[in-house]
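There are structures below to look over.
The following pair of complexes shares a single chain, chain A, combined with chain B in the former and chain C in the latter.
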Partner chain A sequence: MSTTTAIKQEALPVTSEAAAIEINNLVVSYGDKRAVDGLSLSVPIGSVYGFLGPNGAGKTTTIKTLLGFRQPNGGSAKVLGYDIVTQSLALRARVGYVSEVNSMYDYLTIPQMADFCRATSLRWDQSAVDRYLKMFGLPLKARVKQLSKGMKSQLAFSLAMGSQPDLLILDEPTSGLDPIARHDLLNQLVGEVAAGGTTVFFSSHILSEVEAVADWVGIINAGKLVISSELDQLKSSQKVLKLIYAEAPPPAEIDALRALPGAVRVDQEGRSVRITVHGDVNTLSQLVQARPYALRDAEIVDLNLEDIFLEYMKEGGNGR
Partner chain B sequence: MVTKELIENRWKLVGGGALVALMALITVFTYELTKGVMNGQAGAKLPGFIHDYIVQMTATFDTFVWASWFSMSNNGGLVMVALAAILGAGLIAGEVGKGSIFLLLSKPISRERVLLTKYAVSAAMLLAVVLFGSLVLLIVTALMGHPQNIGGTLVSDLLFWLALLFTLGVATLFSVIFSDVLRPLALTLVVMLLVALPGFVPGGHDWSLPSYWTSLPAYLGQSFPLKEFVVAIIVAALPLIIVVPLFRRQQY
Partner chain C sequence: MAIWLDVNSRSGVPIYVQIVEQVKHAIEVGAVQPGDQLPTVRQLAIDLTIAPNTIVKAYNELQMLGLIESKAGMGTIVANLNGSIRKQQTETLLARLHDVVRDAASLGISAEELAARFDAEINQFYKQGKE
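And then the complex of A and B:
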């Protein structure tokens, strides 16, 4: 038998000062369907922000709207202080973008692609491009069509860095890449870019890669923000208390556990009970152990990002 | 961006140029053959209005060259209209289909500049093809002892280029509306057919756009086709006037 209680949503602070991206009640529709539905979000300057959500959650639509590919149907947003509707050109001069699809010209060589990007950018650092191309070991005389998918992603990343962006937006940058290429692109480079002061905003549904590089995460579902928080804070604020009872506790005891402060979810499987805790898990553990039902074991377990993500998805995104 | 456009369309330019040169040769070398056919039994069997048109067309070598080259339904004209439609159809829809529109629109360039740069490069390529075709025509006709009026040919080239700009503009308009290249191409050819239709109706000559895109007196160096130029310029600008704000508002 499994018992589940609703997650009690507790507002985590969202920084609004010094935000690289500030979204307020954004609405974007495709016909009658709202792909982004009242999204509010703040991305701190200098952060590596993982923008998470299942397929069709509205991640790409949000990014497209921020970059001016689509017009919002409601709400507002600022990127690096520029309004996304009225100051899109100025905004794009300071933003590097790598899309989820291969958006490069197959018939151009790598130097020609670099020339094209240089000619269409307001500022350009060829030495940075050359450094990344060399780091990836890309064949410089090759045409784009001769590159593998991973190489194309590496090229796109290198070219995005050429415009010396203050904000790098990556839309599913590792989609379709093998694990090694994923590791090289994100763990190695995003960290380096962020160390240089560039804010990195990247969407993904591969949670392990987000966990490896992001310091902030936002989860979006059905076009609405579920949560936005510093990753460490999010992980430290959510733990699981695993309990093994000597005998299966009665339903009344499960109800009592649900009522304990900080318990947001209680799952029972026979003698085993799993309590998702938001807040002070040690205090809650002491309270549980003081109750009249004998425990064989009590263990505090950290949640990884995937667990946290799944917890929020189960609730259908009715958070903040 | 201009370089990228030239590289992207280089094979269309080379292919179009080669075809136009071939058509120029065909035009020159089929005069005697066409005239012979018209004077023979085969010509007599043709429906009256077609027979009369071809007889009029083959009256002199110069009229034959003009009708074959600067008519949208013959030789070089057809090839160049098709080339304009192909270039225009792929202008935006090609970028959308390949996904490269997102790279393009992520750059700090206005959509107007993106569109007009791409359009201008295609327009320049069409002008190059028109002039190249005429150059071949002028050289071959001169070598054959039938030199054509150079000034008249240039004026006719410009007038015909304006026709190609209309074709390019219409194809660009459809290219912004649709995300595939095939539909803009097909619809552009349908539009070109429609604008020519009134010419096939008695008394409809003045309502047929192709009648403004060519002028025999201008080709022969007898007059300057001012009215034709005014109409052709306005008509060439129309699709562009519509497509610029349309592209500005388009959602991707």
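And then the complex of A and C:
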């Protein structure tokens, strides 16, 4: 605790960050296994960033490394402009963190837990903490060990907001929450935290909740970035073109379709052809219709985040 | 709460596009009138549970289209469009008429039959109006 007090007395180093999180070719290994394998990622300031990936993709390891709980084996990263290795104390003073498995002292009551956090934080807004505790309806006299899993994550979120963070990082924040509690928490994330100017970075594998609240998404798989994009941009630029031909097109034509600009995947089943498109689907559609095989129907299909996620996992080949 | 806004985040249509289209539509059909206040970004973020930046993006787009404006102390309001709403409504209507004729043609309905049906509809409606 002496180190934390030490920073309290001096001003935090000034940084001029362009992004809330900037990860550059990060590598984190557990023994021989690379959990994070050359990850590069940028999280814009003010965004609500959903960090997605299948189980074991490296989401939690990435988050722990960003917060300085693990040392990277290669590459670098900055959080709010602070280097994660050399400035991790200053970094943690401005970042709120809600972990997947909350490590809190079981024998403390909620107010004692709040006092403990206040003592170790640079900034503290007790009224914010009280407001969240009240909103979640947490029993103030209870000890941490008496709380359910969902209540513990609500408590962790309330306490993380007490330090008035500029960036809030949450690891699977809604796991273990019932639908109402989940909705309340997501509402707080967008309506209070993000609308108040705090950047939100949260990992999840529940695509529908990410789709609802995030404006940016990043997908990782096997420790590598698959895509990072504004969600609306992703939805505008990724479509499927469904074609029904008058007669089944020959293999040569399918190869020709594969070579068209923007076509990333072509599946055929008799007279039906399905083209996955990244980029300008209208131009591609016109090109397809100008080809010498008669079409019965050409339909552009919008993709939701789940479709997009699954498409990327198929392309990656090693997804599940 | 803006009950006329209903965003489907599971759709493949970008959310900001959905908001822009729905606000446009609400203005066209008169659900909101010039001078009416739109919800604040924060309020809408809470009501719809979507990222505030997405709403900012939609509002910026609507502002560029001249449909809404930000006024100090009043928040975001529906712009006074001075008859341009009526013009837009008329255009939308004519576009629908165009679509109906095109669809009828592709169903193989003859021009005479369509004109007869159209006359019948006009007679029925305008007669009712006179009573």
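Methods note: the second predicted complex is superposed on the first by the 295 of 320 C-alpha atoms of A that agree within 3 Å, B and C clash if a C-alpha of one lies under 4 Å from a C-alpha of the other, contacts with A are read in each partner's own complex, and residues count from 1 in each chain.
Keep this in mind: a contact is a pair of C-beta atoms (placed from the backbone, for glycine too) under 8 Å apart; a residue touches a chain by one contact, two chains touch by 3 or more.
Just so we're clear, the structure is a prediction, and the values are computed from it rather than from any experiment.
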Given the superposition on chain A, are chain B and chain C in a clash or a fit? fit
First (chain B), second (chain C), both or neither touched by A:Ser121: first
With the two complexes superposed on chain A, say which partner A:Asp215 touches: chain B (first), chain C (second), both, or neither. second
Check whether A:Asn304 is in contact with chain B, with chain C, with both or with neither, and answer first, second, both or neither. second
Which of the two partners, first being chain B and second being chain C, lies in contact with A:Leu39: first, second, both, or neither? neither
In the overlaid three-chain picture, which partner chain does A:Ser99 touch, first (chain B) or second (chain C), both, or neither? first
Least CA distance chain B-chain C after superposition, rounded to whole Å? 26
Given the complex, residues on chain B that touch chain A span 1, 3-4, 7-8, 98-110, 249, 251-252
In their complex, what parts of chain C are in touch with chain A? 9-17, 41-43, 45-46, 49-54, 57
Parts of chain A lying in touch with chain C, wherever the complex brings them together: 46-48, 183, 186-187, 190-191, 194-195, 208, 211-215, 231-233, 235-236, 239, 301-304, 306-307
Give every residue of chain A touching chain B within the complex, in rising order. 64, 67-71, 89-90, 92-93, 95, 97, 99, 101-108, 112, 115-117, 119-122
